[in-house]
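Chain IDs A, B and C follow the sequence of writing; residue 1 opens each chain.
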Amino acid sequence: MIASNDWLWELDGWIVLAGILCAISASLVGNFLVLRKTSMLGDAISHAVLPGLAAAFLITGSRHSLPMFIGAALVGIFTAAMTQWIRDSGKVDEGASMGVVFTSLFALGLVMIVRAADTVDLDPGCVLYGAIELTPLDTIPVGSLEVPRVIITMGLVTIVNLAFVIAFFKELRLTSFDTFYADTVGFASRRVHYLLMTLVAITAVASFESVGNILVVAMFIVPPAAARLLTDRLSVMILISAVLGTVSAVIGHWSAVALPRLLGYSSTSTAGMIAVISGVVLTLAIAFSPKQGLLPRYVRGLRLELSILRDDVLAFLFRLQERTPQAFASHDHVSASLRANSLLVRFILTRERHRGNLVYGESGYRLSSTGNQSAVNLVRAHRLWEQYLVDQTGMDSNRIHEHAERFEHIANKQIRDDLERETQYPKSDPHGSPIPKESE
Amino acid sequence: MTDIPLSISDLTVAYHRKPVIWDIAVNIPPGTLVGVVGPNGAGKSTLLKACLDLIPVTSGRVEFFGKAYQEVRHRVAYVPQRESVDWDFPILAIDVVAMGLYRQIGWFLPVRKRHLQTAQAALDRVGIGDLANRQISQLSGGQQQRVFLARALVQQADLYLMDEPFAAVDAATETAIVEILKQMKTDGKTAVVIHHDLQTVRDYFDYVILLNMRVVAAGAVDEVFTNENLQKTYGGRLTLLDQATEAMRRREIKT
Amino acid sequence: MIASVLFDAWLRTLTLQDHNTRVVVIATTLLGFAAGAIGSFTLLRRRALMGDALSHAMLPGIGLAFLVAPALGLQAKSLPVLLGGAVASGLVGTFAILLIRHQTRLKEDAALGIVLSVFFGAGLAILGLVQQTPGGHAAGLESFIYGKTASVTTYDALWIAGTAAATILIVVLFAKELTLLCFDDSYARARGFSVVLLDILLMSSVVMVTVVGLQAVGLILMIALLVTPAAASRFWVNRIIPMLWLSAIIGAVSCLGGSLLSAGVAELPSGATIVLTAAALFFVSLLLGTERGILVRWIHRRSMRLKTDRQHVLRGLYEIVESYRFKNLATDSSRPGQSSKNQVSRSFDGEESAFANHESLVSIVDLFSMRTWSKLRLKRELKRCQADGLIKMQQETVCLTAAGREAANRATREHRLWELYLITHADVAPSRVDHGAERIEHVLEPEMIAELEQLLPASSTRSQVPDCPHSETDSIAGDALPQGLQSRGVR
C-alpha cells in the first residue's frame, strides 16, 4: 500500500505503467471475445486457471513465472475445450457449461492450495487479487535501471498479444465474423479459437499475480465494449480499446490514491478503481458516442424535429399565401394551426426571420421571396407524394395526407423528379390543389 | 360492430424506425377462414404480432370483438411460428397443450387432472393423442405444429391467429389442420392464417388478405385472389417508397 | 489408536452430534435445495451466467452498507444490513445489464461481463476503505468472496433457511408461470402474463438465494450451486417439474455431502468441496444420465448403426439378385412382337420370388461395390448376419437363407415405399430420394409403414416390393406408379 500521501513517480509511475500494460494486453485479445459473444469466457478462464497455477507451485515448489504460464495456458485451453465438449456432447447451454467448468476448476484450485498451504506459501486472495500496488517492490536490474519484474512480464505478454493480433488479423476478423464461412474457405477457425484462448489464459495469469484477476477481467471486456460503441471498423476498435484502457489505468490509479482522501481515508485498491474508471468510460461512451450515444441520438432527434417544424411552418405560410396572397400569420395562428408547441414555433419563426426566409409585418409573419422558394419545393414534394401514394398503393385519398406529411421532409430534388415521372407529370394533387413547379 | 372479430385501422409498425407495415386497415367478417398472403418480408408475422401487442405499434388501432385485446384475451388464441421456441425444452406434449389453459387456471394454482383431460382431448382432436407423453423434441415437425394447434384449441377461443401453420409440415398434418379449420368455420369461429402456398389458397380459405407492406387487396377469395392482384403483391416493392423509408430511417424520423 | 480417534471424529460429524456442524450442514443443505430448484429456471431461460454477474454485483452493496450503516445508527456487521446492501446493489446491477442490452448494440454476454467486472472492482475499492475503519479489518467481509461455511452461526443459518424456504415457496407457487416464461415468452405475453414481472420474480429469487449463499460458499462458487445441479438433472429427465426437484435434490446432496466431507477431513475448504461434489454428480449425470447421457446416446447410436448396416447388407443383396434377374430376362426377351418392357414386368409378375434359383449366390466383391462402405465394417456385419442365420457364407460368396430372404424383402420394401412416398408427396426430386431414404428409412416404425401403404395405391398388397423408383428400369411399368415385384415369405 502507498503510505505516503504524495504521488511519487518512482512508485506510482511503475504502478500506472503496469496498469497500462495490463489494459493494453487484455483489450487486444478482449476485442475478439466481445465480437465472438463469448465475453464471459475471459472471466471463466481467469478463474479456471487456478488449479494450473497451484499445480505449477506444487510441482516446482517455487513462484517462477514459466511453469506458471505453462500450467495456466494448459488449464486455459482445457477450460475452453471442456466448455465446448460439454456443450456439444451433452447438449448443454453454452453459458451453463461454462459455469460448470470454471466453478469446478476454481474449486479444485482452492482445494489444492489449501491442502498445500503447509508446504507452499500461497494465499488464494493474493493469487486472485494480486496487489498492483506492490509492483515497484520486486525489481530486476535492466542495465542501470531497476525495472519491476511485473513490468517485464506484462511487457512481454503485450508484445506477444500484439504480434498475434497483427499476424492473424485477417483470420481473427473472418472467424469472429462468420465461423462457418471461415471453415469452408479453409481457415481452421477451431485452431484460431484455441490460439486465442491460449493467449487469454496467458494474459490472465500474467495479470493475476501482478495486478489482480478482476482488473484483467474488466480490461478484457469493458474497453473493447466501449470501443465497439465508438466505431464500426475492427482495426480502429482495437486501437480505441487500447487507448481507453490506458486512460482508465492512469485515471484509475490516480483516483485510487486521491479520491479516498476526500472522504478522509487513505488510498484504496488500484485494480478496483481502474475497473471502476473503465466502467465510467463505458458509461460516457454509452451516453456520448457520436453515432450510438444516447445523448447524440436525442439531440439528433430534437434537431430533426425542429427542421420538420420549420418545413411545416414554411409550407403552412405558403398554403396560406396561396389562398390569400396578402395574408400575414400571427405566432398564435401558426402554432394553433400546426398544433405545435408554442415555444418551439416562436423559436422557428424568429430564427427563420433572421435567416431571411420570413418577413415580419403589421399582423405577423409571411414568406420572403427566398422563403417562398424553399416552401415551393416542400409543398411540391408533399403533393407529389400524395399523388404517388394514391396512384401506386391505392390508398384512400383521405388518409394520404398524414403520410405525405412525413415524406415531404426527405424528398430531395432527385426524389421529387422521380415522383413526378412516376405519377406522369400531374398538374394537381388528389385533393385538387395545384402542384407548383420546381423552384431553383 | 361488436361482432367483428378483428378490426384493424391505420395500423403502422416500424422496426428500428423502418416501417414494416403501413397503414393497414382491415375488418374481418365473423365465421370466415382468412388467409394472409404475401412475399417474404411483407410483414405478415409483424401484422399478427402487432395485433397481439407483442411488438410496439407506431400508430393505429386494433380491436377484437369491438374491444381492446387486453379485455378479450380469452376469446383470441394465438399459434406462433414453430421456430419461435426451443424444442429441446424438457416438457411433454400434453404439458405444452395445457399451457393454453394457464390463464383459465389462474395464478398460483396447479394444473389438475381435468385440465390434462381437456388437453388430451385437444391432442386427440388434432390426431396425435397417442403422443401426449412424448417429450417435444421427439415429435416430427408436423406433430410439433399440431401440438401448438392443440394448445390454441383448448382455449375455446372465437378467433384464432396462426402464424404459418402449414410451413414445412407433412401432408397428414396439413390435412389435419385443414379439417380443424373447416370444423372451426362450421362452429362459427374465425381463423386468420398466414399462408405461403398460393396453390391452396382457394381450397383452404374464403377470405384473403394480400399483403406487401400495405394491404394490396382484401376480400372474398373469388373477388380478390386474382392474377392482377397477385402481380401487385409479388411484383416487387415500391422503389420510391422504399427509398424514402430508408432515408427516413437514416434520419431517425419517428414514424 | 489414532485411527479410532479419527473414526470417532468422523462419526460425530456424520451423526451431526456437534451442534454447530448440525446447524451449518442443515442450512447449507437447504440452500443447495433452493438454489438447485431456482437454478433450473435460470438455466432454461438461458440466463445461467446471470447469477455469476449478479453475485459479483453485490459486493459494493455489502461494502457500502458496512460503511454507511453506523451513520444511520445501525449495527454495521448485522447480517440484515449487509444483505440489504447486497440486494440493493444486485438490483442496480440487474438494471445496468438490462440498460446495456436494450439501449446499446452490445450483446447480453458483454453486458454480463461489464457489470460483473466493474461492480466487483467497485466492491474491491470500497472494501479497501472498509479495512481502514475501526473493526473493519476483522469484519470478515472476505468471507463473502470465498465463503466460510464454518463461520455460519445459528442466526445466519436461520436467515439461510428462511430465504431457502421462501424461494422454494415461490418455485412451487409459480412453477406453471415460470415454465411458460422459459418455454415461450412471446406466447406468455400474448396470453396476458407479464413477462417483465415474471423475469423480475425469477431474478430476485436468484438474488435472494445468492445473497445468503455468499456467506456459506462464497461469491464465485455460488454460481456453481445455481448452474451445476440444474445442468446435471437435465440428463435424467425430460419434464420440467421432475427436473426441478431432481435438481433441488442434487443441490441438497452436494451441499450435504460436501459440508460433511469438509467437516470430517482437515484442510478441505467447505465451499470448494461442495462445488466439487456437485461437479462430480454432474459428470456422473453427463455420462450415465438416462435421457441424454453420453453413454445412453452412444448405445442408441451404435444400435442404430448396426441396424443401418444390417439393412444396407440385406438391401444390397436383394438388389444384386434383382439385377441378375433383369439381365437374364433382357437376354431372353429378344422375341419379336413384344416390347421388352412389358415382357419384363409380366415375367416378374409370374415369378414366385426374386430368389428362386441359383442366382441368389452373390459374391462379396459385388456386394462391396454396391456402395461406399469400409470392407471391415461390411465383413463384420456379414458375420453378424451369418450368426443370426440370415445368410450363408462360402469363401467369397454369400447366399441368403429363407429367413434372410424374408428380411431382405422387408428391408427393400420399406426403403422403396419410403422413396415412393417422398416422390409422390413431398416434391423431392427423384435423384435426391435415395439419400433421404438412407437416413429416414431406418427410423420407420410399423405404423408409419402401414400409413405409407395406404398412401400409395399401387402397393396396396402388403407383400409387394415396389420397383426402385429411380433406377434405369423405371420405365418398366409405363404407368406413374410401378408394378410390384411379387415375393413370397413376407406376410
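Operating definition for what follows: contacts are C-beta pairs under 8 Å (C-beta built on N, C-alpha and C of every residue); 3 or more make two chains touch, one makes a residue touch a chain.
Keep in mind that this is a model prediction, so the values were computed, not measured.
Participant: Could you tell me which pair, A-C or B-C, is linked by more C-beta pairs in contact?
Facilitator: Higher C-beta contact count between the two pairs: A-C.
Participant: Could you tell me which chain's Cα centre is nearest to the average position of every protein Cα atom shown?
Facilitator: So the chain nearest the centre of the shown protein is C.
Participant: If you average the CA atoms of subunit A and of subunit C, how many Å lie between those two points?
Facilitator: Chain centres of subunit A and subunit C, defined by C-alpha means, are spaced 36 Å apart.
Participant: For subunit B and subunit C, what's the span in angstrom between their mean Cα positions?
Facilitator: Here subunit B and subunit C have centroids separated by 31 Å.
Participant: Touching two or more other chains, which residues of subunit A qualify?
Facilitator: Residues 91 of subunit A each touch two or more of the other chains.
Participant: Hunt down the residues of subunit B that sit against at least two other chains at once, touch-wise.
Facilitator: As it turns out, subunit B has no residue touching two or more other chains.
Participant: For subunit C, what residues touch not just one other chain but two or more?
Facilitator: In subunit C, 234 touch at least two other chains.
Participant: Can you name the residues of subunit B that touch subunit A in the complex?
Facilitator: Touch residues, subunit B against subunit A: 10, 22-23, 88, 214, 216, 238, 240-241, 243-244, 247-248, 251-255.
Participant: Could you list, by residue number, the parts of subunit A that touch subunit C in their complex?
Facilitator: Where subunit A meets subunit C, its residues are 34, 37-40, 42-43, 47, 86, 89-93, 95-100, 103-104, 106-108, 110-111, 114-115, 117, 124-125, 129, 212, 214-215, 217-218, 220-222, 225, 228-229, 256, 260, 263, 265-269, 271-276, 278-279, 282, 286, 292, 294.
Participant: Write out the stretch or stretches of subunit C touching subunit A in their complex.
Facilitator: 43, 46-49, 51-52, 100, 103-107, 109-110, 112-114, 116-118, 120-129, 132, 142, 145-146, 220-221, 223-224, 226-228, 230-231, 234-235, 267-269, 271-276, 278-279, 282, 286, 292, 294
Participant: Please output the residues of subunit C touching subunit B within their complex, sorted ascending.
Facilitator: Subunit C residues touching subunit B: 44, 173-177, 179-180, 182-184, 186-187, 189-193, 234, 237-240, 243, 291, 425-426, 451, 455.
Participant: Can you list the subunit B residues touching subunit C in their complex?
Facilitator: Going through subunit B, the ones touching subunit C are 49, 52-54, 70, 73, 78, 80, 84-86, 89-92, 95-96, 99, 102-103, 105, 107-111, 135, 170-172.
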